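The following pair of complexes shares a single chain, chain A, combined with chain B in the former and chain C in the latter.
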Partner chain A sequence: MSAVTVTGVLLCRVGAEQLAFDANQVGHIGAWEPGGQPTAHARSLFLMPSAAGKQLTSEAESLVVDSLEVHAEPLPRLPVPLALASVTGGALLGFVQVAGVLWPLYGLAALARHVRQHLEVELS
Partner chain B sequence: MKVAKLPGLHRWLTVPSTVSGILGALLAIAYAFFTVQIPEGTLVQLLLCIAVWVALANVLGDRQEQGSLRTVRALATSSVERSVPVLQAAVREAAALPDLSFQVNLGYWCAGAGLIGLSYWLVPGVPWTIALRFAVIGVGLGPLVAMLAYLLEIERARAAVVVLAKEGLSVAQVLQALPPTRMSLRARMVVYGAIAIGTPLFLVFDMAVQRAERTFAALAVATSQAQRSSVLAADLRQALIGFAVVGGAVAVVVVTCSLLSGRALGEPMRELAAQAQRLTLGKIGQKTVVPAEDEVWAAGAGFLALEGQLAVVVTQLQAAGGQVKLATSELVASSARHEHGAQEQTLALAQTSATTEELARSAKQIAANANQVSALALQTVEASQEGQHSSEAFYRSILAVRGGNQAIADSVVKLNKRVQQVGRVVEFIDGIADKADLLALNAELEGHKAGEVGQGFSLVAAEMRRLAESVMESTREIGRLIEDIRDATNAAVMATEAGVKASDQGSALAQAVSEGLGNILKLSRTTSEAVRAISLATHQQQVGTDQLAQAMGDILASTRAGSAAQAEMQGANASLKGLADELERAVGQFEVVS
Partner chain C sequence: MAEPTKGHLVFACGESLYGVAADLAAEVVTLPALTRVPGAPGHLLGVFAHRGEVVPVVDLLKLLGLGQGLEAWKRAVLVRTPKGALALTATRVAGVSVLPLGLSPLAADGVRAHLLGPARSPGGEVAIVECQGLFEHLSRVG
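The block that comes next holds the complex of A and B.
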C-alpha cells in the first residue's frame, strides 16, 4: 500500500504536548483570550487549564492551541493503528514525522467536536 | 486651887475680889481698934456704918466686875454659841479682869472709907477728927486691898483663859485675842513695891503718932511719977499688943501679896522654862498657852511663835535632811555612774578623735577628688558644647539629605510615570506585532492553500511572521525591562520614601539630640558650678575637719582631766553622804507633834 502525502501541516503546541492539523482544513487563524467567546480548547485534552492562544477555525468548529507554525513541505502521513482509531472519537488521522519527531495528525473539526462533546463540563 | 470650869466661871473669877474686900475690912477694923479711941456709945453705929458701906461697896464692885464679864457669863450659862470670836472676846474679858478689879477695889475702898467717915461723923457725939481717922485708915489700906484682890484675881484670870482656850481656840487665836502689846511690868512692879512698902510704913507711922499723942495726953494729966510710970507701962503694953497684932496682920498681908506677886511672875516663867526644857529634849509642836501679863506674856507669845517657827524649820529641816540624804545617795550613785560614763566617754572620744583624724585625711582626699571632678566637669561642658554644635550640623545635614531624598523621590515618581507611558507604547506595539503575526500566519496559511501560486506569498508571510515574532519578542523583552524598571522605580520610590521618613526621623532625632545636648550643656554647666561649689565647700570642710580634729584632741585632753576630777568628786560626794547621814540623825532627834 502506498503512503498518503500531506502538503501543508499546522504544527501546534499545547503545553508540552504537540498536535498537527492539515492546513487545508483550517479556514482562519485568530487570537483567543481567556474570557472571550467560548470555544473548545486543546488544553482540555491534557487536563490543563485554558490559556491565551491561537484559535483555529474550520467551517463549523474551532479549537484553541497555545502556538503553531506552518510546515510547508509535503509529509507522508503514517497510518493509525487500529487500537487507536477510536480513541479521540475518530479524530486522529495519522502521524507525520518532522525533523525526526512524530506528530499526531488530527482532523480539526472532529477533534474540536470531540473536545466540545466529551469535555462539555470543563468548557461550560 | 480648885480647877476652873466653864459653868460658873464668871462667879468663880470675882470671888477673890470679895474675899480681899472682907479681909481688908477686918484688917481696917482691927487697926482702928488699936489706934482710934471710939467715943462711948458709938461702937454699934460704927460697926453698922462699916457693915453697910462694905456690903454696899462689895455689891457694887461685884456688879461692875460681873458687868465686865458679860461674854464669860453668857458662855458659862450657855446662852451664846461657842464661836471663835465669842471665845476670843471672853478671853479678853477674863484677862482684863485683874486690872479692873484693882481699880474697882481701890476706888470703892477709898469712896467707902470716906462715906464711912462721913456717916460716922453724923452719929451724935462723934467728933469729926475721929470720923476723919476712919476715912484716912480706909484710904490708907485701899491700895493694899486692891493689890491683894489683883494678885488673887490674876491666877484665876489665867486659869480662865486656859479654860476658855480649851473650849475651841488655838494658840494663834489666843495670841490674836491678846496681842502682846502692853509692856508695863516695870510700872506694875513699882506700884507693887510702893504699896508693899508704903502701906506698912503708913500704918506704923500712923499708929506711932496715935500712940504717942495718947501717951503724951496721959502723961500730961499724970501728977506723980508713979502715975506717969503706970501710964507709960500701960501704953507700952498696949502699943506692943497693937503693934504685934496690926504689924502681924499687915505683915501677913504684905507677905501674902509678895508671895502672890512672886507666884504671878514665877509661875509663867517656870512654865516657859519647862517648855524650853521640852524643846531641848526635841519635842516640838506641843504648843500650850502660858497665861501671863505684860512682858512675860510677850515672852510667852514670842516663845510660842519661836516654837511654831522652830517646828516649821525642823519639819523643813527633816524633810530637807531626808532629801539631802537621798540626793547625796543619788549623787554618789550618779557620780559613780558618771565616772564610769566619763571613762567610756574618754574611750569614745579617743575613738572619735582617731575617726576625726581619719575624716580629715578623707576630707583632703575628697577635696582633691572634687578638684579633679571640677576639671572634668569643665571638660564635660566643653564636650557638650562641641557635641551640640556637631548635633546642629548633623541636623542641618539630615535636613539636606531629606531634601535630596525628596527630590529623588519626585524624580523617581516622574520616571515611573514615563516608564508606564513607555510600557503602554510597548504594549501597543506588541499588540500590533501580535496582529501582524496573526495576519502573517493567516497569509502564510492562505499561501499554502493556494499551492504553487501562493508559495512566494507564503514565504513573504513567513518572513513577516518572523519579523512580527521578533518584534513581539523585542516588545516582550522591553516589557520585561519595563517591569524591571518599574520594580526598580517602585523600590526606589519606597526607598526614597523610607529615606524621607528616615530623614524625618533622623532630623527629629537630631533635633532631640541637639536639645538633649543643650540640656546636657545646661546640666553640665550647672554640674560644673555645683562641682565648683562642692570643691569650695570641700575645701572649707577640709579646713573645718582639721579644726575639728584639733578640737577633738583638746576635748579628749580636757575629758581625761574631767575624769580625774570626777574621781575626786566621787570621794567628795561620799564625804557629803556621810554628812547627810549625820544631819539626818541630828534632825531625827527632834519630834514635831502636829
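The block that comes next holds the complex of A and C.
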C-alpha cells in the first residue's frame, strides 16, 4: 500500500508547540491582533492566552496561530495511532516529519470548530 | 504438570515492576524530544517517529494513578501489538524473566484489568501488562 503524501504544508508555531495544516485547505491567511474580530485561537489547545498572530481561514472557520512557514515539498502522511484517533474531535489527520521533527497534521476547519465549540468556552 | 510459562521483559516504572511478553517487546528506546498532541489525555505524553511509524508514549505512573510521573522520561519499552505500537515509560530495565501464564487481572475493570498477576521474579513481584487489552483500552479512552 502506497503512503499518502501531502504537498504543501503550513508549519505553524503556537508558543513552543507545533501544528501543521494542509495548505490546500487554507483559503486565506491574514494578520490577527488582540482586540480584533473574535476567532478561535490555537493557543487555547495548550491553555495559553490568545496573542497576535496569523489567522488561517477555511470553510468559514478560522484559527489563529503565532507564526507559520510553508513547506512546499511532498511529505508522507503518517497515520494517527489508534490511541489518538478521537482527540480534538477527530481533527487530527496524521503526522508529517520535517527535518526529523514530527508535526501533527490537522484539518483546519475541524480543529477551528473544535476549539470554538469546546475550548474557548471553558477558558472564558 | 508444570504450569505454562513465557519469557517476559521486566522493567521498573517508579517503585513497581512490570512485565511485557518478550515477543511483544520490540525494543527499549531512548526517548527523543516528544511532539505533544493537544487534547490527548495526560497519560499520553506525546509521540515520536520510530522507523516510519508514529508511536505514542504512555506514562505508566499517570495511567495507573500512581503519581505525576517524570517531567522528562528518558527511556521506554516499545511494545508492538497487531493493532499498533506503544511506548511504556520505564525507569530501569530489570531483564528477562520466565513468568507464569494464566494469572488473574488485578482489577475487574478499568486499566488495571489489563495488568495480570502479581508474578514472582528474581527482582520482586511483577505486574504483567496484557498489551493488546491495554492498547484497546487506550484506544477507547483516547
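Operating definition for what follows: the second predicted complex is superposed on the first by the 120 of 124 C-alpha atoms of A that agree within 3 Å, B and C clash if a C-alpha of one lies under 4 Å from a C-alpha of the other, contacts with A are read in each partner's own complex, and residues count from 1 in each chain.
The rule we apply is simple: contacts are C-beta pairs under 8 Å (C-beta built on N, C-alpha and C of every residue); 3 or more make two chains touch, one makes a residue touch a chain.
For clarity, every value in this text was computed on a predicted model and none was experimentally measured.
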Task: Mind checking the superposed model to see whether chain B and chain C fit together on chain A or clash?
output: fit
Field: chain A residues touched by each partner, larger count belonging to chain B or chain C
entry: C
Query: After superposition on the shared chain, which partner residues are touched by A:46: those of chain B (first), chain C (second), both, or neither?
result: second
Task: Based on the superposed arrangement, let me know which partner A:4 touches: chain B (first), chain C (second), both, or neither?
output: neither
- request: Mind working out whether A:83 is in touch with chain B, chain C, both or neither, as first, second, both or neither?
  value: second
Message: Just checking: does A:72 make contact with chain B only, chain C only, both, or neither of them? Give me first, second, both or neither.
response: first
Message: Touch test for A:101: chain B only (first), chain C only (second), both, or neither?
response: second
Message: Once chain A of both complexes is superposed, is A:28 in touch with chain B (first), chain C (second), both, or neither?
response: first
Message: Just checking: does A:17 make contact with chain B only, chain C only, both, or neither of them? Give me first, second, both or neither.
response: second
- prompt: Tell me, in angstrom, the smallest C-alpha to C-alpha distance between chain B and chain C in the overlaid model?
  reply: 25
Set intersection of chain A contacts, chain C complex versus chain B complex: none
- prompt: chain B touches which residues of chain A in the complex?
  reply: 7-8, 10, 23-24, 26, 28-31, 54, 68, 70, 72
Field: chain A-facing residues of chain C, complex
entry: 35-40, 44, 47-49, 52-56, 58, 83-86, 135, 138-139, 142
Message: Considering only the defined contacts, which chain A positions touch chain C in the complex?
response: 17-19, 45-46, 76, 78-88, 92, 94-95, 97, 100-104, 114
Message: Give the list of chain B residues in touch with chain A in this complex.
response: 434-435, 438, 441-442, 444-445, 448-449, 455, 458, 462
